[in-house]
Amino acid sequence: MESLQAFWDMGGYGHFVWPAYGVVAVVLIGLFVESRRSLKSAEAELAALAPSKAEDTDDET
Amino acid sequence: MQNHHLGSSLSLFTGTDLVCFRGGRTVFAGLGFALSPGEALMLRGPNGSGKSSLLRLMAGLGQPLEGALTWSDESIANDPEAHNARLHYIGHADPVKPVLTVTENLRFWATLRPGFGNGEDAIASALEKLGIGHLADVPGRFLSAGQKRRVNLARILAAPASLWLLDEPQTALDRAAEKNLKDAIADHRAGGGMVAISSHAENSLANARELDINQFRADSP
Amino acid sequence: MNGFLAIVRRDLRLAFRQGLDSLMVVAFFVIAVVLFPFGVGPQPNTLARIAPGVIWVAALLASMLSLERLFQTDYEDGSLELLALQPVALEITVMAKVTVHWLTTGLPLIVAAPLLGVLMNLPEDGYMPLMIALTLGTPTLSLIGAIGAALILGSRRGGILLSLLVLPLYIPVLIFGVSAVDVVIGGFSAKPQLLILSGLLVGALPLCPWAGAAAVRQGLE
Amino acid sequence: MFHRFANPARFLRFAAVIQPWIAGLTVLLFAVGLYLGLLASPADYQQGETVRMMYVHVPSAWMALFCYTGMAISCGVALIWKHPLADLAAKATAPVGASFTFLALVTGSLWGKPMWGAWWVWDARLTSMLVLFFLYLGYMALNNAFDDPGRGSKASSILALVGFVNVPIIKFSVDWWNTLHQPASVVKMGGPAIHASILSPLLVMGVAFTTYYLWVLLIRIRREVTANKVRALQMRQASRGEQ
């Protein structure tokens, strides 16, 4: 338990290191999610407009 | 009239399988044309079929996505200034500055041309030919649309150039002015000049060849 | 060369007849600087310390004010398109526009700078370096600004976008312009700063008209 | 042949194939990097635990410049060889690069607070990063300031190249300006010498950031291609209706 507390504490700089990692995580994940969302909406629009021509497969990643 | 190869069998100004991509769509594809001294080419087709786009490509405002525009077998893109020196272009807009008088406007454009030798009387005679001699010292802001269009047409008469590219030149012109325009074009062709003109007017020019842009529409998916 | 002079002469005549906006530019310059004493307080020594920086930033913003209209009026009435179709190279046309912009904004700022030096209690020996630095710096600002003015042609948001594009590129001129004055006040020679400023100018002279012409060309396509 | 712009199918197939691999690689690298950075490596003898912020700050700064360089190169290719995909790659890169620059600034200020006692320090590197952020904003603003997307990408390509030429000049003048006004800050951003134990997490995180960039880039380019297809179809319907 104690080492967890020390890990969280980060030698007293915890409230600098964790926000830094937090911001990086939020921005990178947010950017990824937004990019995928706009890709999906564009593909949906394309499918609506030309159902026959939406030939590129809809893979997951 | 300088640099004309009078009587050359080979057509001077040609376009071969041109593709125009503009505003995110393919306007036309596989379009070809040929112009020789003394000839006129009437561009026909509905709005948006690419008449203006073709004229702009001929003038060198932008490059075709594919295909080539050549002047006596040399691509016009190689030396844009030389191509500009041998053409006059009338677009949709008439660039007449409101604070400058008609003569000042014309003198400015004429001084930029290589052939502008005999100064004032070239401008005066150009204005006469279009029946607006009386407007010589009138500032641009008092001119009507028709008069501005005539000043713009006078601009191309004031300094010689062998190729005229006219985009619906007769808009805003009354009957008399249209006649003046026809005569000017006839004189220009008689002197060995060439004209490419996009126009909806039915009474086309004497023995002019027609080019229907619509047949080159790109209807691909 | 006469094409360059013809365009400069026409644009200067247009500027004079349409009411010189140089007076407004200088007025903005003075007002912008006069605001600072209200902000930071009138104590002479604080003003003196920030004087070079404040004067330079105000000059930079003032010279940017009239950039938006550098090509705008010609773009809207079709003159710019026609200028691109003249035998005069587009780079020369851009250079002519930049020269007119400098004459109508850069020069008045230089003339007004000493007055603001007095207002901001600029130390005695700061005036000469300020004038020299402004003389070397303002043409570079006009040159870089011309690229921004050409890039925003036909865009939905003009002025604000122009400042966002151009201000980051002004930073080097600002840094060396201000430090040229600070250093002399501190008793050292401003030779390195002035050399770098002239280096920036000499670099901008060929590159900016070339990039500006490319920006105009793609704007007219 | 002439509508190669409409469906660069070759690229879409290529993207569909390698995207899962890049995704897997990125996740793996981040896992390793975070493990090394947060758990396995020791605290720096001088900066203590705050050195761990370097593992996100320095890669962000690298990527900020890397993306801008990539953007400038693809803009050059787009202008000179008129390659349709290069335009889209640059347009897709800009927001990613801007996000990295923003991260570099935020983590830089979070780093500066314990080190120099202030949230923002006009340190040469941070200031240049701030200017780079404005260059990104300018690019993106110009890119969608036009109704016709083709116009937007051409105009912003020229701006990206002009900006790229200016980056070293701005960097030089900011460094010069910084040394003039600021006594050289004792604790340099990267620390006096990068100790081996710090270098390995730093490199792993650096590569993780790069693969992340490629992953998001592929997604955003596919989005741009699809959006172009949608626009082309809408336009054709409009013009067909006119006949």
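First chain written, first letter: the chains are A, B, C and D, and each begins at residue 1.
Assume a contact is a pair of C-beta atoms (placed from the backbone, for glycine too) under 8 Å apart; a residue touches a chain by one contact, two chains touch by 3 or more.
This structure is a prediction, so every number in the text was calculated from the model and none was measured.
A count of C-beta contacts for the chain pairs C-D and B-D puts C-D on top. Chain C and chain D have Cα centroids separated by 31 Å. As a whole-number value, the distance joining the C-alpha centres of chain A and chain B reads 56 Å. The distance from the centre of chain A to the centre of chain C, with each centre set as the mean of the Cα atoms, comes to 44 Å.
Between chain B and chain D the centroid-to-centroid distance comes to 47 Å (mean Cα coordinates, whole Å). Multi-chain contact residues of chain B (touching two or more other chains) are listed as 22, 221.
Counting partner chains per residue, chain C shows two or more touched chains at residues 221. Residues of chain A in contact with at least two other chains: 53. The set of touching chain pairs reads A-D, B-C, B-D, C-D, using the touch definition from the header. Interface residues of chain C, counted against chain D in their complex, comprise 147, 151-152, 154-157, 161, 164-165, 167-169, 171-172, 175-176, 179, 196, 200, 207, 211, 214-215, 218-219, 221.
Residues 79, 131, 134-135, 137-138, 141-142, 145-147, 151, 154-156, 158-159, 161-163, 165-166, 169-170, 172-174, 176-177, 180 of chain D are the ones touching chain C in the complex.
On chain B, the positions that touch chain C within their shared complex are 22, 59-62, 81-82, 84-85, 87, 89, 91-97, 99-100, 104, 108-109, 111-114. Listing the residues of chain A that touch chain D in their complex gives 7, 10-14, 16-17, 19-21, 23-24, 27-28, 31-32, 35-36, 38-39, 42-43, 45-46, 49-50, 53, 55-57, 59-61. On the side of chain B, the complex with chain D involves touching residues 19, 21-26, 29, 46-48, 65-66, 218-221.
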